[in-house]
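Every chain is named by a letter (A, B, C, D and E) in the order it is written, and numbering of its residues begins at 1.
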Amino acid sequence: MSTNIPTVPMTLEGASVLHQMLRVDWNAWTALDDERRAALVDELSQWLDAQSGSAAFGMLGHKGDLMLVHYRQDFAELLAAQRAVQRLGIGAYLSATSSYLSVVELGLYESTRKIVDELKAKGLQPGTEEWDKAVEETLERQRGAMRGRLWPEIPNTKYICFYPMDRRRGEEKNWYTVPFAERQRMMHEHGLVGRKYGGLVKQIISGSIGFDDWEWGVDLYADDALWFKRLIYEMRFDEVSAAYALFGAFYIGVRLKADELSSFFRPQTA
Amino acid sequence: MSTNIPTVPMTLEGASVLHQMLRVDWNAWTALDDERRAALVDELSQWLDAQSGSAAFGMLGHKGDLMLVHYRQDFAELLAAQRAVQRLGIGAYLSATSSYLSVVELGLYESTRKIVDELKAKGLQPGTEEWDKAVEETLERQRGAMRGRLWPEIPNTKYICFYPMDRRRGEEKNWYTVPFAERQRMMHEHGLVGRKYGGLVKQIISGSIGFDDWEWGVDLYADDALWFKRLIYEMRFDEVSAAYALFGAFYIGVRLKADELSSFFRPQTA
Amino acid sequence: MSTNIPTVPMTLEGASVLHQMLRVDWNAWTALDDERRAALVDELSQWLDAQSGSAAFGMLGHKGDLMLVHYRQDFAELLAAQRAVQRLGIGAYLSATSSYLSVVELGLYESTRKIVDELKAKGLQPGTEEWDKAVEETLERQRGAMRGRLWPEIPNTKYICFYPMDRRRGEEKNWYTVPFAERQRMMHEHGLVGRKYGGLVKQIISGSIGFDDWEWGVDLYADDALWFKRLIYEMRFDEVSAAYALFGAFYIGVRLKADELSSFFRPQTA
Amino acid sequence: MSTNIPTVPMTLEGASVLHQMLRVDWNAWTALDDERRAALVDELSQWLDAQSGSAAFGMLGHKGDLMLVHYRQDFAELLAAQRAVQRLGIGAYLSATSSYLSVVELGLYESTRKIVDELKAKGLQPGTEEWDKAVEETLERQRGAMRGRLWPEIPNTKYICFYPMDRRRGEEKNWYTVPFAERQRMMHEHGLVGRKYGGLVKQIISGSIGFDDWEWGVDLYADDALWFKRLIYEMRFDEVSAAYALFGAFYIGVRLKADELSSFFRPQTA
Amino acid sequence: MSTNIPTVPMTLEGASVLHQMLRVDWNAWTALDDERRAALVDELSQWLDAQSGSAAFGMLGHKGDLMLVHYRQDFAELLAAQRAVQRLGIGAYLSATSSYLSVVELGLYESTRKIVDELKAKGLQPGTEEWDKAVEETLERQRGAMRGRLWPEIPNTKYICFYPMDRRRGEEKNWYTVPFAERQRMMHEHGLVGRKYGGLVKQIISGSIGFDDWEWGVDLYADDALWFKRLIYEMRFDEVSAAYALFGAFYIGVRLKADELSSFFRPQTA
């Protein structure tokens, strides 16, 4: 589909992702009797366990109390997950304060160039049917090779950091008018910083152009939240971030597995 | 009316459009007994069926639960549709979180030039009564020829993507001070990208200058939501989008026909 | 008072104007019995009839359900009108979602120049008491001559379009640093476009510097809402609008006279 | 403390000021019986009378119903006043929609220069203890001389206009990088316009850097609200306002003395 | 980790900080009987006393009624503190209006340079394992030396001023593209102003990149609130603030120790 290569980088898509930021109606919740409450938390825990791609986090601050992250096959399944949460007994005590809809994505700034060169070397011409078919075959092969990163499990860390971001489209500085080779170079340098934190912070990028109010969603997972700050602060000096990154709200959550979920929702200190 | 041609492109208008983003009061809804609930969903389904230009979508995320899209003859009919939804039994469980008001529109960047040339060739002068009459006659002919696109049916796809947008009026980059021929060229290139996705994404543009807070509304309809992202991402590198497009919030919905509507509103998983 | 002429254009002020955007609590309203409801709508209708300068409009979209527009002698009378609406029986079912406070205004870009020239020709000097007195006398004469436009009746059309606007005060483009003669020329060209739509759209400009969050309020009245879009779209290419106009939210309403008011507030379709 | 003179203008501070914008719960209020309501309004009136620095205004539009303005010795006294209002019987029917916290301030652009020159003439050096002590003594003398303006009574006019404002800190136009002498010249010209309206509009400037979300608060008091618009419109063409002033929301109130307060809160038209 | 020195300044982190801005439901609170109310305030007081790093402030204006500031070991402990407040009896009468999440931070603009020079003098190369280890050892030593500033007690003053801020990343003026030496010089000059107010205002800087919506949080503590304004106003003329500082909302609180807390929550004036 992308014949103007190398203007638009080729992109691989994987899992559909919904972040739900939810407020707990603590007063109504506290008014329940212990047994009922325990049953409702149990039901939520069991539902989470039964899903392969859903996890719960306790949120810090006023932006919500509970963050649920869902990875699914497509948007119809995400809508089903969203309705399923509302249908749980605990759903009556939750209301949405925010959310984010996106699709796990790998932007192929490096490969795009290579693929185009190879196809041109084979004598194919952009804009022809043969070209489009060859591109699609190559992408399909890469989707297979990248399967693990496109359809990831939710990392098993203590903390999550989620934020949406844009590439700047200012009157002077405009990412979308920067030549492909320049963008490729900046994205490459950007990637090097991320790699330095590879063992400490697990990063999942999802695309949301056409789906939500920012262009990308970023999930960072780590066992020590300080690495979120260190990684993002260092990246902020990258050329691509310094000049072209705009950031939305930041959401921090503490992982709630079955046990912690139960103690999080307990109205008395244990 | 447009004597300064070729500054202002001629424009054809068709159906009046209202997008309603609605929140469901799930707690009150769940408190109803099954029979009453079924009756209310039935009533909504029948009302939707009885309208030629209304459709329902389940919304992803916190921006609303239900999106209703209405195409009508004029704004008075849209107000009647809005009041009709409030008057339905289910209306008591719905509240508006957002909305968008617009009119289906075809901007004639290509034809404007041709029409002006033809009329001048006939010896007519802009600003005269004859000129205005000849322009109006031409537009009326085009309204007839474009009837299908100006008064469209709501496409029968699984997903909808709606967003409003502006042309930038910045201190440096200002669409409204770009010469007509330049705008025509950029819109032409923009259209070529849209055409590539023609079989995959059905696009309906509506104008909202003077009606709502952005200048245009865009509805995309597709059976696979990924095409929304691919189309909009590729377009973002167009000159006209890169330099002159500003985007509002994005709303994604999953089509709810009678059956799905009934299961969407069921308080238990089937 | 304006001695620095020709920097500040002379301005004539007339009626004080309040736009009220109100939400109806439909659930509480529907819960009333028919007789009570009819009595409350009657009371509102009679109150509106008894005012010379108040009118009601049904609003499209989520920004409100009912728009009330009040023209009065001064702000104290507007406050009385606002309290009077709250005191009506129906007031208990209305809450404000937005509002706009302004004063009908005629900016004398053309006359300012002429007046200054005439007074200078008479040997008067700006900044003197004689000058100020002569200016005030001239303005008073013009207030008399323009009485009909300064103290207008609310036009009797089917649709209203209201929006607030600013003149841009950007770092580069700044209306308030443009020389008077340039501003006068741009406002003159701007006025010519408005005049073309004279028979189709009735326009009332009110000033809100010091009164509300934008500098001006614009009311357009027409029997066909499409003319709002056509007029504003054509104006958007004017030099003064293209470079110096910033727009707030747009509100569209459908006129509700006594009969329509009654049917608008009926909880069942007639 | 300000040794970098003449970068930072010396400033005198006086009364601490809190503006409270409050919504009345009219439905709950109306549900009270007449006697109870009269008693609560009486209690509010008596409380206001007993304060030397508090006044009430009926607000136009949807930003609130009642504005209370409090002038006090310091912030602890303002907190006491705020709690006192909540503790009044009527406090149960009021909720805050907005507020503004500031301190009456006189910016000494003119005197700063003179003081510095005098102290230098005496052989004192900026940055020394002697210099700081001499500056503080001078300021203390001025605080005494300006006592009436620093600790003003709330002017006894019919209308109030309140708005917050900033000096622009843009990428190009930045007030805080303009040389002192330039700023002094612009502030001087700005003051001349204000002086022209001296008999018609009473102006009280308060500083809110470090206290609230804008840098200054402006209170205008007049018996005819039109003068607010005329004064601010003329000032908008001043160099300092045109290039460097950014404005927040505007709040207009009508003075409610004991009698008017009683009639304002009456649920029926008298 | 920071091999690109001297691009990214080295940074020391200490206590995790949560600011909670809370609204009191005064009507429900007032409806309690005196005994119950006293018991709930006692419980809160005792909880605060039992924490080494929590304090309460009465808030001025509409942004909230009560500010709780918590300093803890990490985010998990902050989440526990947040849940503990909700679990207190008084928690049922509090709801969050805002919050801020950050980590106490010392930016080592001065030392970064020195450390790099020393390590290079020892023959170490940036980007090597030895370099990273040596840097980490140096930082660890500094963390020890700076322990008191990294893990501060909440200063025992009458007033608090909290606000978040960013360094500007504009199209022209962009902090993150300024050479390290320039940034170091500007931060040095900025620090000199702060030092002048050292005895009057206690300042605690916390970093929030990756944690909350602004890059830094600033807490100022003083016994006279005027010093907040004087300090921030003087700093606003610093090169780094004038050109590169963007500010969020400002929150002012009056310290509530056990006695004051009790009188603050009393529904009648003592």
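FYI, a residue touches a chain if its C-beta (ideal position, glycine included) is under 8 Å from a C-beta of that chain, and two chains touch if they have at least 3 such contacts.
Computed from a prediction, not measured in an experiment: that's the story for all the values here.
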Neighbouring chains shared between subunit A and subunit D, ordered by label: E
For subunit B and subunit C, chains touching each: none
Touch-connected components when subunit C is not counted: one piece
Centroid spacing, where centroids are CA-atom means, of subunit B and subunit D in whole angstrom: 47
Centre-of-Cα separation between subunit E and subunit D, whole angstrom: 29
Junction residues of subunit B - those touching two or more other chains: 171-172
Touch-based graph of the chains, sorted into line, ring, star, complete or other: ring
Round-the-ring chain order [start: subunit A; next: subunit E]: A, E, D, C, B
Contact footprint of subunit E on subunit D as seen in their complex: 1-4, 7-8, 11, 13, 16, 18, 20-21, 74-76, 78-79, 82-84, 86-87, 91-92, 96-101, 103, 169, 171-172, 174, 176-177, 207-213
Subunit C residues within the subunit B interface of the complex: 26-27, 30, 58, 60-63, 158-159, 161, 163, 168, 170-173, 196-197, 220, 224-226, 228-234, 236-237, 239, 241-243, 245, 249-250, 252, 254, 264, 267-269
